[in-house]
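Below are two complexes that have chain A in common, paired first with chain B and then with chain C.
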Partner chain A sequence: MTQMPAIKPNPHYRKSALRDRMWKYRYHYLLFIPVLVVTFLFYYLPIGGIRFSFFRYTPFSPPSWVGWANFERLLFQRPAFWTAFNNTLILSLSNLALSMICSVVLSLLLNEVSTRWVKRSLQTVVYLPHFLSWVVVAAIFTIILAPGNNPATSGLINAYLLKWGIVQKPIYFLADSKWWTPVYLFISRWKETGWGTVIFLATLTSISPDLYEAAQIDGAGRWRQMLNVTLPALANTFVVVLILNLSKVMNLFESVLVLQNARVERATEVIQTYVYHTALTAQSAEYGYPTAVGLFRSLISSVLVISCNFASKKINGRGIL
Partner chain B sequence: MLKEKMSFREGYRGRTIYKIFSFVFFAVLTVAMIIPIWKVLVDSFNNMTTYGITLFPEKPSVAAYKMIFTQSSLLQPFLISIYTTVAGTAVGLLLCTTGAFVLKEKELPGRRLLSFFLLFTMIFEGGIVPSFLVMKQLKMLNTYWAIILPLAMNVYNLILMRNFFENIPESLFESAELDGASPIRVFISIVLPLSAAALASIGLFYAVSFWSNYTSFALYISDASMHNFQIKLRTLILDENALAAAGSLGISSKSVQNAAIIVAILPFAFLYPFLQKYFVTGINMGAVKE
Partner chain C sequence: MKKSARFLSLALAAILMLAMFAPIAAAETAKPETISFFIDTVYGSMMLESTFQPVVDKFKELTGITIKFIKPEHSVYYDQLNLSFASGEIPDLMELGSTNYPTYATSGALADITEIWENSALKASGVVDEQYVDALKIDGKLYGFPLAMGNGTITYVRQDWLDNLGMATPTNYDEFVEMLRAFTEDDPDGNGVDDTFGITAPGLINGETPYDIYLREFYQDAKPDFYQVDGVWVDGMQQPQMVDALYRLRDVYEKGYMDAEVITNNTSAAREKFYAGQVGTFNYWAGNWNVTIENNTTKNFPNAKVSPLPAIAGLYIERPPLALAISAACANPEGVFEYLLSYAYDGGEGQTLFTRGIEGINYELVDGEYKQKVDPENEGKLFEKVIGAPDLAFTTWADPVKLDQRVIDSKAMFMANRTFDPVPPATDVWKDNIAEVIAIRKEAIALAVTDSATTPEQAIANYVAEAQPFIDAILADLNK
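Up next, the complex of A and B:
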């Protein structure tokens, strides 16, 4: 009875309490192991692989240290890199701008459709392509846009253009670098505009009818109601979606990869496809240099994600992560 | 009085013009959305060598589909797609429910650290080549592990799932704990049965991403006999010679290309009503809570 632990402050109190709490959650830690292992193997180990950007490394020779040489190559000696960099920005940003405009306009128009089943059916139709893979979409449009010397051998679009005499020679929509970018942007809109309206439509339906009623009492017509009630209500969602998509600007990859072909590769290469081609499909495949290019992209992407997260917290009170 | 009537009239006319405009707009939009898919669908049933402007089948035939489901070089990629989709969705749901169940525990020591461990992967990534080299070192190239595991560990889905779990009333867990149920038991017999909607919704996210997967196969699988249907489809579209067998069977290789597209869409044509519903639910789940 000399010790009275209940009264004496125990110096190890905090520590043992932590240990007790951890012991209490032992099964939780156990359940988390698979997630930890898979994340470590497939997300953290590759981060360690970034060291190869300082090596000369090909499928046929072991890595050898070359310092900053790969970065010097990409910055100063390879115009192909800067082409890919510019293409990424141009394609991504014009895609982003178009997607914001088209989705907002479409959701405003859809919101005005008053017959319920009509609205439902229209939504069903415009959402559909979102669920098709990029390979499928690319395949559909490769067939529809195929060139041919006469209407019978062309894809649908060239067939009509030739038949109606709008063009004399078929247009190589996907094999002509002049046409490729606008066609890419169109296909992206075909695939994703409908789905882009989901979040805007959710916002539109959450606007209180009282606001419209009040505006009507004040004598506002439909046009003024849209200007003064609907658009301000959409502004917040608009900014959130914009920030979210801005953080993904550098991610462009699969959609371009499956719509590219050898004839337009130089003009349509974006950073990710450039990395893929130099590392895995090129005649003289190598790992060091494309790792450096990938690192360059990852760094820009991180800066974008972090600043977009910061901006989102400032504007919206919650981050995008 | 007269003025009021006039303005009413004008408003009415404005409304009519808008209605006509809206009707025309949506009619054109619907045609633009449907025609590409319709054209492919029609031509897949049309055993002709050239098509041009055919919007309805002229020589109706299911030969192309028969060929896809009998020729092993076309059937096998289809089966591989089904296999990786089912296995991937199962592994994905397993990882994301267990992870979410742990991270929903607010009092868990080290919770913030574990969250950050996952979130960091959304901020910074190693990139294509280092991922490829890791697969090579792990001897996972040309195995389906390389396809399933990285995609199954999806932080975004995990967070959605956690948001959902956090909405389950705490009192349910407390009463189970008082009854002496271990967390693993709580997870299996309380959390999972209550999360059917979230499981369906996130399960469909996974299924779509695995079925549509092209890039992982292009990166990690060089053995052509292990390719899935997406890779096969792209080969067929790029290279008509890949379909030399069709000609000898009297089947138009073009109709096989079209049919292959439809087969790649097929599973989702059946699932589409659910997809639409649960994808919208999923998006709103993400929007409701932090």
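Up next, the complex of A and C:
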């Protein structure tokens, strides 16, 4: 066994334990410096931009202080903001709930497949949609769900609904606010459920076979084994995934934007698309108000994550933050 | 008397001296060493090297001035331009569209070039069609020079379908709707299958001004925007003619003559449906696009023929020209105008350089006739333009290359049937409220046309109920 060289304390420093450790691992710290610099430059320094939420700010003139005016505007003068806020919560939380349920169920089903190549093939097939961009996914579903002027130009779904006599007129799924939300949630699940199984499948494969063996000896069938062994083993992973996903609840953007259109834009607006429409596509280069909206969004996100972590500590005895 | 005569003679001598030096001073506008130029285009980033660099080299050879083109991707052009202002790296010259030009101008980002233009040799030469310069004036002041004519859209029809059905070109709204009906119900392509319809569009309302540039046959005298009536700003959505326009649109939509997916269409989807032979009528850009549309359609249907229609009810709209604007931060706006813009739009060799490019690289003499060469960036396509499109020149420039006859005809038809759309306003109140109005307006029009449960009157009433605070703020500001 190789003998570790004796640590030579630096005579120029006081002999505190921390400094000794830092001196000992000085090359590790040196290697870490680029990461620290990049993190500071690209993650922490831009946080300073939140000050613009208190300014009227265009790129063409120095920012002018407006105090809380931008927040007053979004909280009290813009009903569209509250629609966007509600939509964000409804869509995200529905998506989150469905995502957790569908991913766990699909993981359990995949885990039951005993033939190795079949399991691998199925995994690949369900992962694939995740790698399609939202623009492509939106184009695919726009074609599939198209109402069409005649049978030849109708999308697949409307063609069959008409053929089987379920509807008399084609349904304009993506332009009808009644249909838009269920369709959006379905498309999201189609795209992301497979990918959501990755972490759960990893956990499932790490469950000790001894536990299942013991359950079998105790007379537990497949259903009991799942309830008493598999699901408890998934609980911690479930909480971690839930908290990680909760931090992204307010980040809905691209998936909604690409499926919006003139008729449902206001009914389906979420906070990020609202910022996009008011800051980037409107005839304005004023960034103070959109920054205020963004700051408000970040605060809500933080509250959600901290609350969930607190709940996790209460229920599970530990959180992840 | 003697004293005053001496004083008078001295004064006259001084005036004469000044008069002698004045033209020299005017002619000696300081020459800029470099000109940074932010330019937008739908072409790819390769264009900087393949198209612009030879022109940059040639211009430097002629004038000693280096042009530094900055060409962000089309989709992030304004993000990058705003970023350049925010970071203090402000370009000398920039291209601005009709929506952003007034925003930049009223924000103090642009140099006021009214005096420079008025006193310029370019204006004095008379080569410029000044209506395009005047179209860019905001409150009588000029902040940009036209990049090209504004251009606009024109309605294209499958002429071979009309011929198959034995129909004449429609000359009024009723005949137009009858044509749409026949394209939908009478099997215009003769394939025995119900697989065609009358008209498509990329949405019921355009994403930027002019909002009513498509579907002109239906909007006619209605305008879904703010505009002036006898000097007073009004909201076009609340004018009586808007209800009639919405009923016209609703009628053809309900009957199935209009694309059932018109709301979810973007421009490429609408174009593809025309190319695929699903639809017989489509409103799109006049001029060069006439050739592109026909070429793409004949790839699928070799006997297809595409014809532009004369305006039958409402005139076509020419949008405000794209502007080439000198920034307020530019150290030498006179120099940029005199040495670059005046040369690029001189109606002669300068305009040929900045439009057609360089002989031998972008065009060549073949059998005594100038022809376009292949675009170095797009193999298989002919080189189209450097900055301004040749068919959209607004000077007396004589293009050395002969344009395709279809481009000439389409542009002539457009010019004979078009009206100018003004530069939109851009006050602070406007900027703060217009996004909300546009969103509510788009929804109202979509519901009025495609939702059988909402009549146009109800849709407009809902629009007024929801958008009134924003509309009131805008109108009060514009009319003060």
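Rule of thumb we're sticking to: the second predicted complex is superposed on the first by the 241 of 321 C-alpha atoms of A that agree within 3 Å, B and C clash if a C-alpha of one lies under 4 Å from a C-alpha of the other, contacts with A are read in each partner's own complex, and residues count from 1 in each chain.
As a convention for this text, a contact is a pair of C-beta atoms (placed from the backbone, for glycine too) under 8 Å apart; a residue touches a chain by one contact, two chains touch by 3 or more.
Fair warning: this is a prediction, and the values are worked out from it, not measured in the lab.
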First, second, both or neither for A:A69, with chain B first and chain C second: neither
Partner chain(s) touched by A:N261 [first = chain B, second = chain C, both, neither]: both
Touching partner for A:P46 - first (chain B), second (chain C), both, neither: first
Partner with the higher number of touched chain A residues, chain C or chain B: B
First (chain B), second (chain C), both or neither touched by A:A285: second
Partner chain(s) touched by A:T142 [first = chain B, second = chain C, both, neither]: both
Touching partner for A:P151 - first (chain B), second (chain C), both, neither: both
Touching partner for A:L244 - first (chain B), second (chain C), both, neither: neither
Contacts of A:I207 with chain B and chain C, given as first, second, both or neither: neither
Partner chain(s) touched by A:Y172 [first = chain B, second = chain C, both, neither]: second
Touching both chain C and chain B, counted on chain A across the two superposed complexes: 142, 148, 150-153, 261, 280
Chain A to chain B touching residues, read off their complex: 18, 21-22, 25, 27-32, 34-36, 38-39, 41-50, 52, 109, 112-113, 122-129, 131-136, 138-144, 148, 150-154, 156, 159-160, 163, 190, 194, 198-199, 202, 221-222, 253-254, 257-258, 261, 272, 275-276, 279-280, 287, 290-291, 294-295, 297-298, 301-302, 305-306, 318, 321
Touch list for chain A against partner chain C, complex: 58-61, 77-80, 142, 146-153, 170, 172, 174-175, 261-267, 269, 277-278, 280-286, 289
Complex interface listing, chain C residues touching chain A: 78-79, 82-83, 85-86, 99-100, 102-104, 107-109, 184, 193-197, 203-205, 207, 256, 259-261, 263-264, 278, 424, 426, 430-432, 434-436, 438-440, 442-443, 445-447, 450-451, 466, 469
Complex interface listing, chain B residues touching chain A: 11, 14-15, 18, 22, 25-26, 29-30, 32-37, 39-40, 43, 50-53, 94-95, 98-99, 101-102, 105, 107-110, 114, 117-119, 121-134, 138, 149-150, 152-153, 158, 182-184, 187, 208, 211-215, 218-219, 230-231, 233-234, 237-238, 257-258, 260-261, 264-265, 268, 272, 275-276, 279-280, 283-284, 287, 290
